[in-house]
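Naming follows writing order (A, B, C and D), and every chain is counted from residue 1.
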Amino acid sequence: MNKKLTILYFASFREHAGTGEESVELDVGTAADLFEQLKHRHGSAEPLGHCKVAINDEMADWDAALSDGDVVLLFPPVAGG
Amino acid sequence: MNKKLTILYFASFREHAGTGEESVELDVGTAADLFEQLKHRHGSAEPLGHCKVAINDEMADWDAALSDGDVVLLFPPVAGG
Amino acid sequence: MRITADRIEPDKQRDELCDDRAGAYASFEGWIRNHNDGEDVLRLEYEIYEPLALKEGQKVIEEALEKFPIFHAECVHREGMLEIGDCAVWVGVSSAHRDEAFEACRYIIDQVKVRLPIWKKEYYVDGNSGWVNCERCAIHGHEHPKVVSS
Amino acid sequence: MRITADRIEPDKQRDELCDDRAGAYASFEGWIRNHNDGEDVLRLEYEIYEPLALKEGQKVIEEALEKFPIFHAECVHREGMLEIGDCAVWVGVSSAHRDEAFEACRYIIDQVKVRLPIWKKEYYVDGNSGWVNCERCAIHGHEHPKVVSS
């Protein structure tokens, strides 16, 4: 079953997607599924484990289940400091 | 053979000796000998190993030999910072 | 935890951690340096997703306050375009003794660098620019293809 | 190494360690705290034998510069009578990366505390005063009879 999701892209992901935000309707179970399905969008050569995900402004695990209406934030590898 | 020495006392040693500096003539070989002979002056209950000595403004070992005319600085346990 | 587009003022930050019970204060600053991975860096741009960076940063500070017997701890991170020599991040900790001040300060900067949604893009002297790879991966020796665009 | 009877200004000291190659800066400050060994402290007097404190302090800094890949390091120690909250000692280190900044900073303060001819006398709220025992002995658990005079 398709879910309506809002995806936010950051840093290199945003540059590759050419946008910081988009709405999608996809049949995905977990955040990891979404990451794989959107690979062509964020153009990441990074393994999933180097990236992070947040759902509705809470840090989440990649195996978190997505619900209709979720806002999913896709973070490339961070480098603060 | 007696040696003429100038002794400088610091901190608690000075307070116990009642003076920061004195001249002595003593028959001593090493700085450690001097420390023991002057125990009543600097009133130290500290083991030698907790204290330090400098000879003519250079840090020295307790087994350093003293020469006539040396200026010997007796340091109680230090506590910087 | 604070995120700011303005110059970080370490001395003012420090003053906020003062405490009559404190005998030790340790601080760390990350400065923009003129080279990285063999490249000559001109300036650096920090992108921060503020809502989560603040939340996660606050969590890191609270963890430090729990793990170590310290009195106060704070972290400020700069966002936007920074020049060589600018202070990008400041961490300060006050405590009774120095062991825990050093340890907590180290803990906070280590965690901030790998957990907060912060990214930096380096602008090189040769006109190129590139997103900096995550430090943890660099430590672990992972192969990260560097994304460079001109 | 510097010894001063005036207020230490950490921000000015810090500025002297700036370097375009430096990505990390670690600093430590020792503050006068209002208690020690269960006693309420009112103020603290530092006695320093300056010629040797400078010489030995400089040696410590040079050792740090040899042991760790750092750019700059400095230490300032205050002498005379200090009040609660005053900064008694400041150490700062700049380097390319943070590991060595933290380690060198720690090395310098540790060595300064046990090697320099510096003594401190605490003045207590109850009117007594006493010379503070050396830290190394405290660490090693030695029994030092405390010399207290009223």
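As a working rule, a residue touches a chain if its C-beta (ideal position, glycine included) is under 8 Å from a C-beta of that chain, and two chains touch if they have at least 3 such contacts.
All values reported here derive from a predicted model rather than from experimental measurement.
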*Suppose chain D is absent; how do the other chains partition by contact?*
A, C | B
*Please name the chain that ends up farthest from chain C once chain centres are defined by their CA atoms averaged.*
B
_Whole-Å gap separating chain A and chain C, where each centre is the average of the chain's CA atoms_ = 25
*Measure off the straight-line distance from the CA centroid of chain B to the CA centroid of chain C, and report it in whole Å.*
49
_Please output the residue numbers of chain C that touch at least 2 other chains, ranges allowed._
30, 109
_Please list each pair of chains that are touching._
A-C, B-D, C-D
*Complex contacts: residues of chain B adjacent to chain D*: 10-12, 15, 45-47, 50, 52, 54, 57, 59, 73, 75-81
_So in the complex, the part of chain C that touches chain D is made up of which residues?_
10-11, 14, 18, 20-36, 84-85, 94, 96, 98, 101-102, 105-106, 109
*For chain C, which residues count as touching chain A in their complex?*
30, 47, 49, 51-53, 55-56, 77, 88-89, 109, 112-121, 131-137, 142, 144-145, 147, 149
